[in-house]
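Next up is a structure, given as structure tokens.
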């Protein structure tokens, strides 16, 4: 399956184990790696990502394409597409990874036609991932829109590595239909605070925010976070915020963290041509000795210290 | 399914009913049309063809691609591809057509990944088809290589329309593995002359020729035809030859027919950009008042009177 | 369709029902497409190039597919001026789309002769000068790459065109397309059409021969779209906008989104070529798609889109 | 692999282990790719453009995908000459592929200064002059589109290059690429490299803004291959063959078949750019594929393929 001998990243073939639609625009794809791919991806950190070649996947039948994507569906796919992971599990020499994706354009449209047993070419795991929570007592996960997958992955890791840590997750979106979680609103367990199944399965409390108030807190996920921080006592020195989502939201989270002197790591998104640090397309402006410099999202990131990024 | 009201040709959606590999490089694809597509394709004549949009079909997994086509597999497919029919059947308001195809390049590679229920956009039926055998007593079908499909279709039509006609078929290829028939060599019923199941099902005798002698007559299909014509008495006035295959072979058949004053219709192949007569890419040089002129393979053909074509 | 969007566009002195044309050489004489779309719904229709004398065109193969594109070397195959008038014009007469006759030749006099002869024919709305042909007099260099020649041929034909709209079709095979665009405008062009195809080649590595009998061909299709959009925007901002000359923009248009991109870049109308081979009805679908986009963006006149690139 | 095919090619006075290069700006400084292929198996390696001073490059977005291609407007982001020597050259020193440093600038003196400083550095085998940059002195017109400037810059740099191979990388955005190729040869180029990217634009129709912060970018990838093959063949037959100057051909190469097409057209060596983003190991796969083709066609020396188009 692999091209070279033992390594921590590379190009591997993965086999599709499932691909299911969880919301009108959201799908969850399961990939299975064996051999060296299983080894390499077994070591994936939350926030790391993979580059998938979707150019050879079938275009869905016209009537299965949302009307606003009919024109986009006609575009060819040349470049790979970056996706982070919602879950990573190794067992019996195989590594299973879950990708949670939103159907936005030609590549993610093609992605929906993948079926059990189909083979996908995957490069990864790439990027740095979130830094370990060593020494922290509390972790706050903030997921805006499609920022959800690495936060789910983080929930998995924190539970496994730091079982005594106090973890809470915030998930937000424009509206209830845009929440990239399988949990239906009627399944939300308001009483216990375990709103989202994706976090509840790790015993992690979660809060939901929608801009239009169609589920959970009415407002942005950052408003929700600020509200919660205002109502709860948090020891800034022993707390870390992990955030992933649209840039504006990350900027707001960074601001909140700064005000309260809480460590904060954000995962950035950029259009990427290569994903491996050779094309210079994915620059993130970072502070550097009073000046700024460009770092590469794919290689130096996608996770950055919130203090470092020029939003 | 159709775009406009009742018509004899147009753009229709077809649903894949089966797609099976019959030889290493040969596949048979079943398409089902309903509604207006069923009406339009119900009237298909042997030799007519359809233009299939295969651009959105999946590329096979790398290991399923023959090594000599690995580079070709990377080419994008933009244009539709022309295919004739091996069989056309209408029943209960549906029309079923069989396409017999050879895997040669990016489009036919993608074609192999179509599965039951997949939807294919089809333009057709296009071109003229073979002229009816009105008044003839004997028909000779000559299929070279991938010229087989329209000859199978012709066998179907002749049996249905002219049950008393004396029909014999010749099928040739380089080698036994290149014979685009499902009949395995060990199934060939030499004794009775019903060599090929595809013709035998219509009660039509057939002869097989392979250049390397690996099955049937050792030599080209035209040698085989000439040999048979030498050994059998044929009334030239009441006989017609229908031929389809590579241009060289058609030229040889035309020559044989001319010598013996037998009517002969040949189906030509050309690279086609449009298939509907607008791009002028598919010219066939034809005799015309002592001079020559270009006719369009897609519109004036693909079937031409053998006497007319400048080979 | 919502009738609130005004799809009319002003184009070289005439009003078109909408901004969508089919491109020269890709839609025959319209009757072939009648099975696939309502040809009368088109804004404009450009014929295959017409030459003074009939031309059989090049030897085959005349086309070859490339990545997201195709090469063609049809060689201006056409029935010639007289037969065009006899056989093809009558067919076009019933059509409501504005008919532009695409004219080609190897000498200026040939262009002039064709246009002169057609200047008073109905239903011709105008001419599209195909100046990407080799100029036999000047050693085969195409008219369209030399500003001096572009101006010369444009003004010569302009005099012969009897007041009909004269559109000059520019070749993209130049260092600076604004220079030839300017020359055409100076020569009296009422409209500019761009882009024609890019000279290109495909080699069959097994035989080590060019696939096309003509060796080279013109690249068209989605592959060239980003270059064409750039050129339309360049000509619009550097030449056409100030001169008040409309642009018929095209090159790889396949969807309404593609067409809108050209309009935002500066095209008053758009032409659909290669895409018609794949979806023979797509020009009309594009008209509908543009309308929907305008509705969604609260644009009441489609012409408001033109040249609005920020 | 069958050792019977001689994969060596003569190139600008040196012998390369095989004809496959990675293209400037698409393969970093090779170490990034070590995970995906044996970088030492390459025939040649061209660095990202190096300029006299460090450049942060353009604002983002810097890339956008197109049909079978992509635009980039990286803006020559690089660490600058001094840091290049300090940090990047040592990394390249361990490599067996011939290293070409791609040099860019806005004034001739900048090019000369960079080349002069590197003329005696190991392991540099030669330079690739990127003359597609805007010439600030001459009002932003790129050096590469004007024959006079091409000759001037080539001969100025040639004097500074200390006998190292000087390869001039031509832009395809010209009316006749043979004219600039000839100028480069007259200026003393030891090799020609073509093609660089095509200027192009993509517009986001929702915001009506250019997708790239730089508005325009350079189109690369499979979309441009047939144009690039044509240009390589044109330069080979009209200029390079008689001058005895080798061509590094590229533009959209993704497979061995593509590479062979360029060699048949006249390229002595080939460069792989955009394809490396999709298949980071593809350059080495292409070497193997060329070898297999030679075996299948009984070609004992790969160089026998060059310019054999019938």
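Chains: A, B, C and D, in written order; residue numbering restarts at 1 for each.
The rule is simple: a contact is a pair of C-beta atoms (placed from the backbone, for glycine too) under 8 Å apart; a residue touches a chain by one contact, two chains touch by 3 or more.
Treat the numbers as computed from the prediction; the structure is a model and nothing was measured.
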Identity of the chain that, by mean CA position, is farthest from chain B: A
Chain centre separation (chain B, chain C; CA means) in Å: 37
Length of the line joining the C-alpha centres of chain B and chain D, rounded to whole Å: 47
Shared interface positions of chain D, touching two or more other chains: 66-69, 221-222, 257
Chain B, residues touching no fewer than two other chains: 55, 76
Overall pattern in which the protein chains touch one another (line/ring/star/complete/other): complete
Chain A-facing residues of chain C, complex: 68, 222, 254-258, 289
Chain D-touching residues of chain B, taken from the complex the two chains share: 70-72, 74, 76
Interfacial residue positions of chain C with respect to chain B in the complex: 25-28, 32-33, 35-37, 48, 56-57, 60-70, 72, 74, 77, 221-222, 274, 276-281
Sites on chain A touched by chain B in the complex: 55-59, 61-62, 76, 113, 118-119
Residues on chain C engaged by chain D in the complex (per definition of touch): 66-69, 71, 145, 173-176, 198-203, 205, 207-210, 216, 219, 221-227, 229-230, 233, 252, 257, 260-261, 264-265, 293, 308-310
